[in-house]
Amino acid sequence: MKTNRLEAFSDGVIAIIITIMVLEMKVPHGNALHDLYSLLPVFLSYVLSFIYVGIYWNNHHHLLHMVKKVTAPILWANLHLLFWLSLFPFATGWMGENHFTSIPTMLYGVVMMMASLASWLLVAAISASEGDNSSFKTIVGKNAKGKASVFLYLFAAILAIWVPSVALAIYVIVALFWFVPDKKVERELHVKVK
Amino acid sequence: MKTNRLEAFSDGVIAIIITIMVLEMKVPHGNALHDLYSLLPVFLSYVLSFIYVGIYWNNHHHLLHMVKKVTAPILWANLHLLFWLSLFPFATGWMGENHFTSIPTMLYGVVMMMASLASWLLVAAISASEGDNSSFKTIVGKNAKGKASVFLYLFAAILAIWVPSVALAIYVIVALFWFVPDKKVERELHVKVK
Amino acid sequence: MKTNRLEAFSDGVIAIIITIMVLEMKVPHGNALHDLYSLLPVFLSYVLSFIYVGIYWNNHHHLLHMVKKVTAPILWANLHLLFWLSLFPFATGWMGENHFTSIPTMLYGVVMMMASLASWLLVAAISASEGDNSSFKTIVGKNAKGKASVFLYLFAAILAIWVPSVALAIYVIVALFWFVPDKKVERELHVKVK
Amino acid sequence: MKTNRLEAFSDGVIAIIITIMVLEMKVPHGNALHDLYSLLPVFLSYVLSFIYVGIYWNNHHHLLHMVKKVTAPILWANLHLLFWLSLFPFATGWMGENHFTSIPTMLYGVVMMMASLASWLLVAAISASEGDNSSFKTIVGKNAKGKASVFLYLFAAILAIWVPSVALAIYVIVALFWFVPDKKVERELHVKVK
């Protein structure tokens, strides 16, 4: 299998995920401003998830762009990532409809954590296939940002049981970390890790 | 990242948006003609939005076709545009189901305005990347039509609070402006602006 | 715009239409065989529409394959066709849920007629662009099958008001006409027309 | 028609199927952990179906990759396969929502059987087109795994009427058979068949 097919399929799945997420924002029956206002939490959770899926799509590209040969582990690591991304609409809808209460906010963090873990596994699968001296290893490095994210989501998900607002703040901050042009952040994170 | 990936992803998202919009037209329980008739407002709002998404897809192509290098600002300006387009099904369904009453008709205008503003930002991001002497600047020019649309939608959205029918007429007229082959309208608009 | 973009976008929309149609087949609450049995009409209407969308996708390809240059009329004639195809899930669901009664069966025919009319317009738009001596005109010929379908759907839709079962039979027969390899049927139809 | 169009369209449909399947996992109204817990059967059936669709996508690629010319039988055998795959979301949702009871578990097996039968027909259509001495026949061989799957699904579907748990175990085992890298399993199966 060539890389471009894997990319096209992943693009398709991610495009659908980012779009059906909006279906959780159900058209209200009333036609007043306060009917709209009651949808605000769902809207805000949609905005956050839209940005996250955008970041994943962006990173996914940069990742697959460096793959020379699609092996079975890469293929399944990729499908595994798409699986957790496919749970974003559910987790987003549940968190939004319940106004960012404890358990739904925790679940959101768990899905986030699993998706970032799946990304980590995908990076590992590509690393194993490309070999130690590949340009992939040089560019991706120790994947510090990716690994740190997994633990931040885990930490936030646990925290959500008591203070969902802080957990939510962590989700937003991690998104910002990824949103800011990569190299700069990575350099900063490298310094921190050292 | 190459342009064709950005185009393919955007195409995918726009294709899904234009198609799931029809899901707001719920299958009625009755089987008589008047059951169908009661769906007329939803159908009409669907027709309007279908044409709008068609116009956006068309313009989006012409725009991305001129991009030589995808920079981070272009990528995020593009996702920002897709975000507002993804709200079309919601805004369309709400306006249709409430028979073009004030607030839903206003929201439709606000989403329209944000989408056209996002287009404007995308044009600006491409302009900044391509440079002052690029063929892009020559062709797109002052983007008068795009800028004028933003203000027309804003105007219509405010108007919708009192006279939604006039606001709706403006939405239809702006769609016609974009529907008519570009160059001709642009020339006319240039004259008007001068 | 190049043909391949128009094809890719149309493919995307048609792929979504053919897939969301199945969403009209709602998961029943009971878990017995008769719960499934009550879905039979919806299932049968889904099968018919699936075949129809498959035929449209197939013909659409052969059509666009012969296009050398995408003009504005071709682009909008294509979007117009996609618009009517996008109403298939609605028409299919309504007809199935109402067990092929008069008005829903009539609507199905109307949507079919409009889609075949839209195909006719697309053929005309391509013809106009390619010119009289093009290979397109030679291959497509008088588009007898396409034109005949429009009138057969119209006839069936009117008939549906009194005898929906006969209308349904016509829908099935027209599908078979298109399903059978093209050239053979076309030759037969040419003879009939003469 | 070229192979890449058939692949792109199939990819699109499969990408949508794998993604809309998650829509059967409805966002619960409550916000407690037990609301989530009650969704566990739907989630598990989603996991199983996600893996299955992933396997189908993977095999579909390897299959179409070897096709040199798309004939009408290949095209319709492919659409026939997509039809049965499109019923996965329905069968998955029904089985999950009814906690793996008899009839829904049976239906799941029937849909599985039909999809594997459709795969078999697709292999046969390609075989017929490529000819006896083609590399396709050499690689695919007797398609023992594909044929065995059809009968295993049939067996499991019948079994589901009395012991759905055993049927479910068979579905999982067959998935594992396909999940494990192909060549190894095929060699083992060849030995078994001999």
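For clarity, chains are labelled A, B, C and D in written order, and residue numbers in each chain start from 1.
One rule holds for everything that comes next: a residue touches a chain if its C-beta (ideal position, glycine included) is under 8 Å from a C-beta of that chain, and two chains touch if they have at least 3 such contacts.
It should be emphasised that the depicted structure is a prediction, and the values quoted were computed from it without experimental measurement.
Engineer: Among all other chains, pick the one whose mean CA position is farthest from the mean CA position of subunit C.
Structural biologist: A
Engineer: Can you check whether subunit B and subunit C touch via the same residue numbers (shared by over half) or via different ones?
Structural biologist: different
Engineer: What whole-number Å value describes the gap between the mean CA coordinates of subunit A and subunit C?
Structural biologist: A distance of 39 Å separates the two centres.
Engineer: Roughly how many whole angstrom separate the Cα centroids of subunit C and subunit D?
Structural biologist: That gives a centre separation of 28 Å.
Engineer: Touching at least two other chains at once: which residues of subunit D meet that condition?
Structural biologist: In subunit D, the residues touching two or more other chains are 8, 12, 16, 20, 23.
Engineer: Chain adjacency by touch: line, ring, star, complete or other shape?
Structural biologist: Topology of the interface graph: a ring, with each chain touching two neighbours.
Engineer: Quick check on the complex: what are the subunit B residues that touch subunit C?
Structural biologist: 7-8, 11-12, 14-16, 18-20, 22-23, 25, 27-29, 31-33, 35-36, 47, 50, 54, 57-58, 61-62, 65, 179, 181
Engineer: Applying the document's contact rule, which stretches of subunit D touch subunit C when the two form their complex?
Structural biologist: 1, 5, 8-9, 12-13, 16-17, 20, 23-24, 72, 75-76, 79, 82-83, 86-87, 89-90, 93-94, 97-98, 101-104, 107
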